[in-house]
Amino acid sequence: MSLLELSGVRICYGNAVAVKALDLHVDEGEFVALIGHNGVGKSSTVKAIAGVVKPTSGSIKFEGNDILGQQPGAILRRGIAVVPEGRRIFTRLTVGENLTVGGTVRSDRVEVKKSSAEMMARFPVLGKYADRMAGLLSGGEQQQLAIARALMSKPRLLLLDEPSLGLAPQIVEQVFDLLEELRKQGSSILLVEQNAAQAIRAADRYYLMRTGGVIESEAAGGDQAKADQVESAYLHFGKA
Amino acid sequence: MNPQYIVDAIGTGALYSLMTLGLALVFSVMGLMNFAYGQLVMIGGFSIILLRSQPWWLLILGTILVVVFFSLLMERLAFRPVRNATAMTMLVTSFALAQFLQQLARVAFGANPKPLEQFSELSVQYEFAGLIVSRQIILTLVTTILVLIGLALLLRKTNIGIQLRASTEDVGMAALVGIKSNRVIAAAFVISGTIAAIVAILFFATRTNVSWSSGDSIVLIAFVGAVIGGLGSMVGAALGGFLMGFVYTMLNALLPMELRVFADAFLYTLVIMVLLIRPGGLIAAKGVRV
Amino acid sequence: MKSSVSTWSRWAWLAGLLAVPIIIVTFLISLTNDVSLIQRCTTALILMVMVIGLHVFSGNSGVVSFGSVAFAMIAAFTSALITIPAEKKPSLFPDMPNFLNWLWSFTVPVPLGILISVAFTAVIALLVGIPLVRLSGLAAGIGTLAFLVVVQVIVTKWKAVTRGESTMVGVPKETTLWWALGAVVLVIAIAALYQVTRRGRRLIATREDDKAAMSIGISIPIERLWGWVASCSIAGLGGALYGHYIATFSAQTFSIALTFFIIAMLVIGGLGSLTGAVVGVIVVQVLAELLRTVETQGIGPVPQIDAPGLTEMVLALILLLVLIARPAGITGGREITSWVRRRKGNVAQGAT
């Protein structure tokens, strides 16, 4: 049984169809990338899994339970944490408060405090600026905070929407290093990215999406040649 | 200029800043300008009349409980159903609610103002360096400062306070980290109701009666104070409310006699000018929906 | 040419579908010879003028205005000052400042007085509008509310000219049911014309998507200013008619409560459509009349209930329930023409 399984998911906004029919699954401990250009429905897919938008039809199962149509809070409680596009950290809260808020769904406040300390040890920059307003952090630091905030809920699956967007190349490198490290520790990850080459290098498996549905799905697993091949094919699609 | 005016202006400013805070808090969480907020103060006034013969602590506690009860009730019954509607619909809903509560009070307590027995212990006056300061002003100042400190602690040190601030900034993201909006909004209404009750006590301490229309002028001041101070910013709201009270008292003291009756007109002309220069308010919070 | 034909036909449909039923009902009411019913109908029609006036700006631009009653007040007082018979003026305004003494020398007939006061209102609206239309959202709401307070304070306190808290008296009472009906038909025609033609469509575009509107070269302040001046002038027409209808009034007549009542009728009808403005007034006025009848004499099995404030309380409660049940208002912001068209479409489908 897959950890996350989407079948025949269709998402419409009024009369506009964002995703036609999407099948996708993520297994336990797997790092899956969903790549595709701007506007092919990647973000809508993330929003549907997170419970922000409701698909018109299809099913979304998490650990065998139907989660389609549930509220974002309920889905988070089941174990899917989201690092949304544009990070959306709470800029007027301190770094420490952002982490605390990330642990909202956990009942034991002492444990949350402990996790918060762990996060600050793991991401030294967050520990350093614990009492600073999060809006004052740099883009890369904010991305670390957004990921740390998501991890605070101890998710079974981490869902990332365009984490490399708007970051300098060496910072993007850091973000991917972090994701690989998380996978090694056994986290399940679904990464949605425009940055195809890097995502494919890092992921175990990838889905290539093109206006409304997946057109290709293959194992990637750090295969450099494969990544380059898809990247060029993918760029070709972009020009078409 | 007689420095005595400044003392009075500070007293009025402090009271107005409290009024504004209660309104601004709810706005910052759910984008609702609650026109029925003034009626909460009016309800507080009537509960003071009903509890007038009780010991002072019971009077305060009772008034707070009554007002908070009504505050929560209005959130649950009137505002929750229109939470996702446009700002205009929410505003008109709160207006209809204000009308309803006002007329309810008129039916229940009659059209004539109810006399309120004076709090003689508050009119005791002290003299400092030639300035006359009444106990009422001291009480208002001390209470305002305590409420501001209390609110700051609540918003910074408690989980619900941090969640409240997170919701203020980004409701959608707050939902994504599992913050329950019902709980946060209810908390905002509890705090707003508590502040309204405190305002009622301080406000009616200087009045000789309570009437069904007592809440009208209060909400107007709070409404305007919150917007010129800067929506979404608690500091801005407190400042905006304070300035409304301070400037109004000073205008009343300093304008030539024949223009003094127009003090309100001058005040609101200033308000328009502030808005034109800084449409986001004096302290504009980033990313606030207006 | 085709597009202009369809514009005219859209205008005729919208104005006609709204105005014709009102004309018929008003005519039927006039036949009853029931004095109090005719009075209520006249009041409702005058309020409808004001609500349509607010719709022209707020409905089309999406920007809140609390200021329309201020313009109704300005027009009512202006028209009163120029239509009160010259021989009465010295005793009514003993302290009239010298620079306004020329007001004593003449009297104009009421229709001309209304016209002049509407023109004067338009000028004030233009002057105030130039800075105010730059504001959006709540800042616009507060800005216009502040303007209302300023006008109210001036009218209340400038006793020499407005008679202050002692009410304006001696105003010719000439507004009839037919005047009110004529004004409603006129403003429906104007408001409908505005929103089917370029000028109004541009303002609606700024409401729907301000960035897109700007990107195709629409100037938001200029479009809003047009709507604002038209809106305030219509409010002025309503105010002047009201003044000549009740004949005794003061600044308290044009209160913040009246402002909200007008906004409430617009929102309950459905903000964004002319149909909503008309429907909102009708629904709220009919409800208010039913409740008032209960309070004074009872209807059928409902006994008379005598408690001051009860009517207003129940009315507020009903408004609240309507808003909760239909947050977008009764019409949901759509025009009556869209229903008719849809019905026609259904019929066509049924035929095939």
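The first chain written gets the first letter, and so on, giving A, B and C; residue counts start at 1 in each chain.
Following the convention adopted for this analysis, a residue touches a chain if its C-beta (ideal position, glycine included) is under 8 Å from a C-beta of that chain, and two chains touch if they have at least 3 such contacts.
Nothing here was measured: the structure is a model prediction, and the numbers come from that model.
Common partners of subunit A and subunit B, by the touch rule above, are absent. Taking the mean of all protein C-alpha atoms as the reference point, the chain centroid lying nearest to it belongs to B. Put simply, the chain farthest from subunit B by mean CA position is A. With centres taken as mean Cα positions, subunit B sits 43 Å from subunit A. Rounded to whole angstrom, the centroid-to-centroid distance between subunit B and subunit C, based on C-alpha atoms, equals 31 Å. As a whole-number value, the distance joining the C-alpha centres of subunit A and subunit C reads 53 Å. Listing the residues of subunit B that touch subunit A in their complex gives 159, 162-163, 165-166, 168-170, 172-180, 285-287. Residues of subunit C touching subunit B in their complex: 64, 131-132, 134-139, 141-143, 145-147, 149-150, 153-154, 157, 256, 260, 263-264, 267-268, 271, 307-310, 312-313, 315-317, 319-320, 323-324, 327-329. Within the complex formed with subunit B, the subunit A residues making contact are 50, 52, 71-73, 76-77, 82, 84, 88, 90-93, 97, 100-102, 104-105, 109, 135, 149, 153.
On the side of subunit B, the complex with subunit C involves touching residues 33, 35, 78, 81-82, 84-89, 91-93, 95-97, 99-100, 103-104, 106-107, 111, 212, 216, 220, 223-224, 227-228, 231, 261-262, 264-265, 268-269, 271-272, 275-276, 279-281, 289-290.
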